[in-house]
Structure formats: C-alpha cells, structure tokens
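The structures come next, written out as structure tokens.
There are two complexes below, and they share chain A, which is joined by chain B in the first and by chain C in the second.
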Partner chain A sequence: MTLHSAGVVVNLRRAKILVTSFVCATVAVGATSGNMYLALAGIVIGALFMALVRRRSGEVHTDERVDALGGRAARATFVIMSVFLGLLSLFFIFIGRNTGDGGIEALGTVFCYIVCLNCAVYSITFKYFDREHGGEY
Partner chain B sequence: MTRQKARLKNLGFCVAGIGFLMLLFMFFVTASWIGCEVKDVCKEAMFKYEGDRVEALIKLLEDDAADFRARNSAVWALGQLGDARALPAVKKHFKGYEKGTRCDRGAKLCQYELYKAVKLLEGGPNISAFVWR
Partner chain C sequence: MAENIKNSIKVWRAARDMTQEELARRVGVTRQTIIAIEKNRYAPSLELAFRIARVFGESVENVFRYEEGGEAR
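Up next is the complex of A and B:
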C-alpha cells in the first residue's frame, strides 16, 4: 500500500485529525487543571504517534511542488524579515540616540544582531544543503 | 571517505556553526544589555550629582543618605566602567568577602559586588566591555 493510493492519504489525514484532537484535549485539560506535566505528556505522545504513523506509511509526504513553494516562501520571508528588522533597528538606534533612551537604542542593537545572525545562519544552511545536493562552491 | 561519513561531517559542521553563532548572538545581546544598564545607572547618578559619570557614581556610592540598591548599582557600574579613579572609593567600603555569603542589596553595601568591582578596577578581565564601551 503506498501513499499515492487515496486510501492511505485519507487514513493519514484521519490520524492527523485524531492526534490533533487528542493533543488539544490533553493540553486543555492540563491547562484548566493546572497540571503542566499532563499537557506536556499529551504533546510528546502526540508527536511520537505521528512520527510512528509517518514511518509506517514509508513514503514521501510532500511532492516537489510543495517543496519548491516552501523554499520560495522561506526565502521571501527571510528577505522581508531581514530588511524589515534592519530598517527597524536603524530607526530604534536613531530614536534612542536622539532621545537619550538607552533601552530603545539597546533594542535597536539587538535587532541588528538578529539580522546578522539571520544572514549567517542562512549562509551556513545554504552551504549545508548545497553540499548535501552535490554542489561544489 | 564514504558518502555517509561526508554527509555526517557536513551536518556536524552545520550544527556546530549554527550553535556557535547562537552563542555569539547571546553573548552580544547580553553585553549590549549590560551596557544599557550601566548607561542607565550613570544617567540616574549624573541627574543627582555633579561631574562626569565616574565622579557622579563615586558621589552616589559615598552618599550615606542614598538608597542601598542605588549605591550597590553604582558599585556594579563603576566596576563595569573600569575607571581606576573609582578604585580608592570602592576599596574604602570593601571589608572582605566570604564565598557563599548572601547579600540583601536593599539593606547594605554588598561585599560581593565590591569584590567584583575591585577586581575589575584593578585590571581584571571584562570580556563583555568591548561591545558597549
């Protein structure tokens, strides 16, 4: 039985719905009764169950189109967030220096570091996937 | 080298690189935060006392009428600034520190805080200072 057959897809979807309902219910019960461990256990069991179901099906769960779209969306998100945070950090540093508010300036500096970290992590993961797929850079 | 080994090596480099970057990021954020706190303490001291930031902090430390929390913060900020002019004033209040003793920052001058400040003012290493000084 493969994933491409409609029956398995439906079964997987059912399993997902069931696990989501179970996790939601456990978290809700845990939150209302103030028992954090119950909520945590529900999440862990749900994750383990889903991992088991996926492993048993033994097939690819996404097609190339979804992968390509995910990659493009991730890159667009990276560019948008980097530019946005970069501009925001400049704005905060400028305002902080003008008003003498050290807190706002520090926030701007932290945003600046986040942008740098973002770019560095992007470079490392890009290199990783490039090597993984046989590229020579 | 087999392909499996090469892949593992690649993954190791990636994880180690990202982990190192995360640590570096946390260090820079913490150092910036320290700098921001030092500047805040200096600003408050300079609002009340005359002189540059070190002089104002020394005056705050010497002021018996001032709140102990503010005076302890002044000691901390003086240590972080690392200006040797503050050493006599800080040493004057330092009576000795025993490891493990706890200190109520609102009730007295904290000997541990003074101990750290003396060490920094005598030229001890302050690895976060280059980020914000």
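Up next is the complex of A and C:
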C-alpha cells in the first residue's frame, strides 16, 4: 500500500485522490475556458503519474481471482451486448421497412453485422485461448 | 461459492500471527483474494493453494480439504 521514495512514505490511496482531484480541476478549468488541450494534458499527465506510482508501489493489483472475475464479466458483457444489439438491429430493420426509412433499416443492418463480427471475434479468441491451454481439435 | 473446498487458512494465520495483508504479499495476490478464500467464497487454483500451504510450512491437505456433497462448480 505504501510507496517508499527518497525516504518519504506516500500512501497509494492518497496519491489516487490527489491525482483524481488534479485531473478533475484541470478538466474543469479546461472546459470552462474552452481550452481542450489543457483538459487533455491534465488527463494524460494524471494517467502517466498513476502508472508510475503503481509501478513503484510494488503492490499487487491483479491476481487469478481478478482474472477469473474479468473473464466472467467479459462473457456476461458479450452475451448481454450481443442479445441487446441483435434485438435492436431487428427492431430497426422492421421499423425501417414498415416506414420506408432506408436510413433506419441500414442502421439495423450495421448493428446486425456488428453482432456477427462480435460473435466471430469471440469464437476466434476462445479457440485461440483453448488451444493455448491444451485444448485439442 | 466454492462450496466443496474448505480451508483453515484463518487458523494457520492466527497460529503464526500473520495478517491477511502479509499472507497476500507473500503469495502474490491481493488481500481481497485472501479474504474471499478464507470465507470459502473463492476456490484458489492448485498453484495458489500450494503457495499458501508452503507459506505455512504445511501440506496442501492440512490447509485445504475437499468435502463431498456440496454443489460442484
């Protein structure tokens, strides 16, 4: 949890709060003054600083449980998004055909292709990792 | 829930006056993972089970046990 640097002990949680405050302040000032570059610079500097602090803290941020949770969350996200986009594409296609609006029908078709692409990428990555971990076909 | 795999990590930790944070650091996982294992809410991998047992200087069977009858995952 702690970072030892030049004899100073810095709490990682405190560093996160400081960086978040800095980024929020920079983005707020950038947004109110209409300076997009200031906001972007604040975000980039904040991200770089946090990456540096995390690397030097030596704290474990990820382990097998986090990986397992990530896998389950990714699969749930895949299923939910595929079903949602699939139904949305059907809805758009039917609405587009009934109203004669080609734009909406085209949007539905695009969503449909995205769902197909999503399923294809999932299958390919699944087979790749299955083979990496000893699966035979 | 890891209903079939039970453990006595808490007992071994107390016997060695070791905190969850220290155990987590020594086996290279987060403290949340140690908490989840202790509460039998997560079944660790075989490798992590061996690492935990090695920290206590015990065999895996002394730290983890498999109980029949629970719901298999």
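Miscellaneous remarks
Here is the rule we use: the second predicted complex is superposed on the first by the 109 of 137 C-alpha atoms of A that agree within 3 Å, B and C clash if a C-alpha of one lies under 4 Å from a C-alpha of the other, contacts with A are read in each partner's own complex, and residues count from 1 in each chain.
One rule holds for everything that comes next: contacts are C-beta pairs under 8 Å (C-beta built on N, C-alpha and C of every residue); 3 or more make two chains touch, one makes a residue touch a chain.
Source: prediction; values computed, not measured.
Looking at the shared chain after the overlay, A:H133 reaches neither chain B nor chain C.
Look at A:R55: by the touch rule set out above, it reaches neither chain B nor chain C. In the superposition on chain A, A:A120 makes contact with chain B only, not with chain C.
Once the two complexes are overlaid on the shared chain, A:D63 sits against chain C while remaining clear of chain B. In the superposed model, B is the one of chain B and chain C that contacts more residues of chain A. For chain A in complex with chain B, the residues that touch the partner chain are 100, 102-103, 105-106, 109-110, 113-114, 116-117, 120-121, 124-125, 127-128, 131-132.
Chain A contributes residues 1, 60-66 to its touches with chain C in the complex. Those residues of chain C lying in contact with chain A across their complex are 21, 24-25, 28-30, 32-33, 36, 42, 44-45, 48. Of all residues in chain B, only 7, 10-11, 13-14, 17-18, 21-22, 24-25, 28-29, 32-33, 35-36, 39-40, 43 touch chain A in the complex they form.
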